[in-house]
Amino acid sequence: MHRERFYTLSASCPDRVGIVARVSGFISAHQGWILETALHAEQADEGEDAGRYFMRVEIRADSLPFTLEELRDRFRPVAEELEMEWKVTDSAAKKRVVILVSQQEHCLYDLLARWQSRELNIEIPCVISNHDVFRGFVEWHGIRFHHVPVAPGNKAAAYAEVRRVFEEVRGDVMVLARYMQILPPELCVAYPGRIINIHHSFLPSFVGARPYHQAWAKGVKLIGATCHYVTADLDQGPIIEQDVIRIDHTDTVDDMVRYGKDIEKTVLARGLRYHLEDRVLACGNKTIVFR
Amino acid sequence: MHRERFYTLSASCPDRVGIVARVSGFISAHQGWILETALHAEQADEGEDAGRYFMRVEIRADSLPFTLEELRDRFRPVAEELEMEWKVTDSAAKKRVVILVSQQEHCLYDLLARWQSRELNIEIPCVISNHDVFRGFVEWHGIRFHHVPVAPGNKAAAYAEVRRVFEEVRGDVMVLARYMQILPPELCVAYPGRIINIHHSFLPSFVGARPYHQAWAKGVKLIGATCHYVTADLDQGPIIEQDVIRIDHTDTVDDMVRYGKDIEKTVLARGLRYHLEDRVLACGNKTIVFR
Amino acid sequence: MHRERFYTLSASCPDRVGIVARVSGFISAHQGWILETALHAEQADEGEDAGRYFMRVEIRADSLPFTLEELRDRFRPVAEELEMEWKVTDSAAKKRVVILVSQQEHCLYDLLARWQSRELNIEIPCVISNHDVFRGFVEWHGIRFHHVPVAPGNKAAAYAEVRRVFEEVRGDVMVLARYMQILPPELCVAYPGRIINIHHSFLPSFVGARPYHQAWAKGVKLIGATCHYVTADLDQGPIIEQDVIRIDHTDTVDDMVRYGKDIEKTVLARGLRYHLEDRVLACGNKTIVFR
Amino acid sequence: MHRERFYTLSASCPDRVGIVARVSGFISAHQGWILETALHAEQADEGEDAGRYFMRVEIRADSLPFTLEELRDRFRPVAEELEMEWKVTDSAAKKRVVILVSQQEHCLYDLLARWQSRELNIEIPCVISNHDVFRGFVEWHGIRFHHVPVAPGNKAAAYAEVRRVFEEVRGDVMVLARYMQILPPELCVAYPGRIINIHHSFLPSFVGARPYHQAWAKGVKLIGATCHYVTADLDQGPIIEQDVIRIDHTDTVDDMVRYGKDIEKTVLARGLRYHLEDRVLACGNKTIVFR
């Protein structure tokens, strides 16, 4: 993360000769100073005509002679010529992160510490929980807390409320910080690539409930956690980040839960940071992560 | 691994008060000098009466006033009293390891280097392969090489020959060092806890064929390898050791195969060493590994 | 960590035949149920007569027919016979941890989250800081906060006050959770093996100030953190736990500081846990850690 | 590593606006198809006018309408305009790697296995050793073996012979695969950035002799290995790659030596590969490694 204000162009397009030249030529024609560039050519699968090209460029804001809006207007013809999916974001515009949490504190404390220290350069307009336990902690930080109980009979109403709050606070990202409820498909579909979950296993192993029990029963020698985008397909969304930790026969399920927390919060924080810095580009059901 | 000659007692029995006192009392009554002790109480599953106790003790051979045979005879009543499954091995008796290999060299070279440098204190009476490619390399090391081709029509005969050779050379352990054939169930059943495989995925993810292709398609951020005992249930035997390595979107399947080799050979060597030093005790379909 | 109440015997003594038999015989004679045992023989250095033997045994409290005090009284003759340094602690007696912090929040938030969730089974009678920034956060948790400013002219008085508070609250352990002051030698000497620090480098590399700048200048490919006991010899006390994280040329010092925080808090929490569970035994200027 | 033949341009130059545009514009003007691009801006240190820009570009050979020689000729004016240090290499031209070894086999076996399987796309014109032990093994692979004994009295002559052989076989890289001699400064100076060593510690910890003994005495919880370019300043050359492995109090120096070998061979192989693929660019006494 650079200290100067910068714009981040992230884009993908069909691969062909001259993409980098076209884009970097555009930038340099306006005396744009590039801070960081990452490029990737994903080869064509069998049966496809061409591969796909991915890029992420950070340009120092004060090096360009015009505004962000004008940058977008001027770049649009280039993007259209290259058939790009693209966006340009501004490091000065903090993303608005809505955190959903249940009764475990490790991810919540971890995210708030990173927000407090400005390690995560975000706004947290509110925390939503199906329990009321963290109200005091959250409000002490000056953050709004919404208790939205979820019960078998009220799910539709509950998730309508979650969505209403998310819209009301103009949320950019919804983070499930060990939120122990399954979001309904329509909510997942409403915000593609904008809902991030931390799953407490090294996916695709141990999908579904009680992954540490599954891991214990299987006798694996490492356990892990997976940060992924939420889709309507439970625990199957594009993986952003994963990590593991070594265990052995002396570790009970309780021990694994405890170790797992350390992995969960670290993996969630890393995955979220990649997302916030526009380092994650969708590539089918996979991700390109320009770390 | 200690330099002095020592005996290794490895045992498990129903948990109760006084097991350690009984065994260590026996050893100290004969002035046995303990080099290393590892103990583990596995708690009872629901519905079981008692947990199970596991132990591994190394005793300096020259501290005992009798032979290995006599040690076994004298310990037998203690073991029976405690309802133990047990054995005592001698660090001076090299285990006889038969290596099965196909066409990939990384595990074979790695094991022979460890044997050559005496890091693995074993005998390798022969290498068996379904291809003839490594004959020269193996024979140069003074090790017999058996080419046992496996074809759709001759499987029964081929594995009868593998078994005949293994028996003839009095093999203790069969190591599948990226042997790309599936052993028939009757062979697996014949040598429980004596056939070790290296699987090129972080099991239970990606069982079966082409795990790196599966991992690539899933977009995982780490790939791994698993060393496990072979049972009649493909890729489901007790896991001895696992490890992983980080990959990213720039890595093709070929790159993953290449990275994977480094993990495979290391994990296989570690798992095999644990087995050879009698550090691995069976516990249902899991293992206790006293590292 | 077992759920039942248990006593932990940790001890070391000159190595000889029969130590385990003597201790486990004592326990089993009283029908003591052993939950966990770890043993280690440290070989003699050249010029020493004998090696040293280390042990840690957890005994279920309700399996013994007497109190903790009586256990200690009865064990004392055994310990004297074996020339042991020893202690017995009670899992029901929470240790009192005093946290010292400066202006960085990551370790403080992390420790309070673990305390809040009862992952760390401790009492935190107070937090001491040379700055006033975390008063509100700490007090919100119902924990006393002491602001003890440290300035060039008042160091003796400041550390006298730290010591007074630590004594007043009957602290067992002092944790320097990124406390950016150097404790005076007399304070270090007063509490041997009771002051735990987290140093932001993989010691012995990069002792002293600004280790991340040193690491950046050297171009290392991994950075780390070290949890160690504080002695009068700066950054040289016995190491309890360490870990590292991969960096590369794209990482600035700021990035390294940020990555480092994740390692620091994890390593500190692990090291502290080992200490709290009496898993760390001194062995010269090194530690035996029975994980 | 791509399967198609490609040219690799690696370069660095003072940072300014338009570098990427200039270089990618040149490539696209000739219809060059870019397979892989990595770019890095190293910020200016205090007191310096400008930062430095580093790049590595792989261009498919068959996409360009001219030869490698012509590519170089045409690119030269661009490079001069940008004040570049630069080179272009051809994936079809195998680099010639001369291996120096003493009496430990792990790195030698490992490198020959990688060469044998074509994982490393190199030629090994000869192996040089100060001992004669690996002659048979090396020659069996069809590789020349030079025994060049090194004794206190003959060092100058010995290293003159090493240099003569290296020149005679037109070596590109000299790899010290646990070569237990210190190269004389004049040899180091003669081949800057072309001699690669594997040091058996996590530098800068434990420079000099017997690093595992030093690590054992210090009681560190992880040990490591470092692959670096050799300079006249012992163990201080630019670091290419490092890794570590966890140890604990049960590990003797012998165990550490054994674990260390696994790290050493992996780290050496990774560092060598980065070098061979022109992924390592010098940046003062540090390296930029475009993995």
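The first chain written gets the first letter, and so on, giving A, B, C and D; residue counts start at 1 in each chain.
The rule is short, and it goes like this: a contact is a pair of C-beta atoms (placed from the backbone, for glycine too) under 8 Å apart; a residue touches a chain by one contact, two chains touch by 3 or more.
Everything quoted here is computed from the prediction, not taken from an experiment.
Between subunit A and subunit D, the least number of touching-chain steps is 1. The chain with its Cα centre farthest from the Cα centre of subunit B is A. Computed from the mean C-alpha positions, the centre of subunit C lies at a distance of 41 Å from the centre of subunit D.
Here the spacing of subunit B and subunit D, counted between their Cα centres, is 36 Å. Of all residues in subunit A, those that touch two or more other chains are 36, 250, 291. Within the complex, the subunit D residues that touch subunit B are 1, 3, 36, 104-106, 109-110, 112-114, 116-117, 119, 136-137, 140, 250, 254-255, 258, 261-262, 266, 269, 291. Only residues 17-18, 20-22, 24-25, 27-29, 31-39, 41, 63, 246 of subunit B touch subunit C when the two sit together in their complex. For subunit B in complex with subunit A, the residues that touch the partner chain are 40, 42-43, 202-206, 218-222, 224, 238-239, 241-244, 248-250, 252, 283, 285-289, 291.
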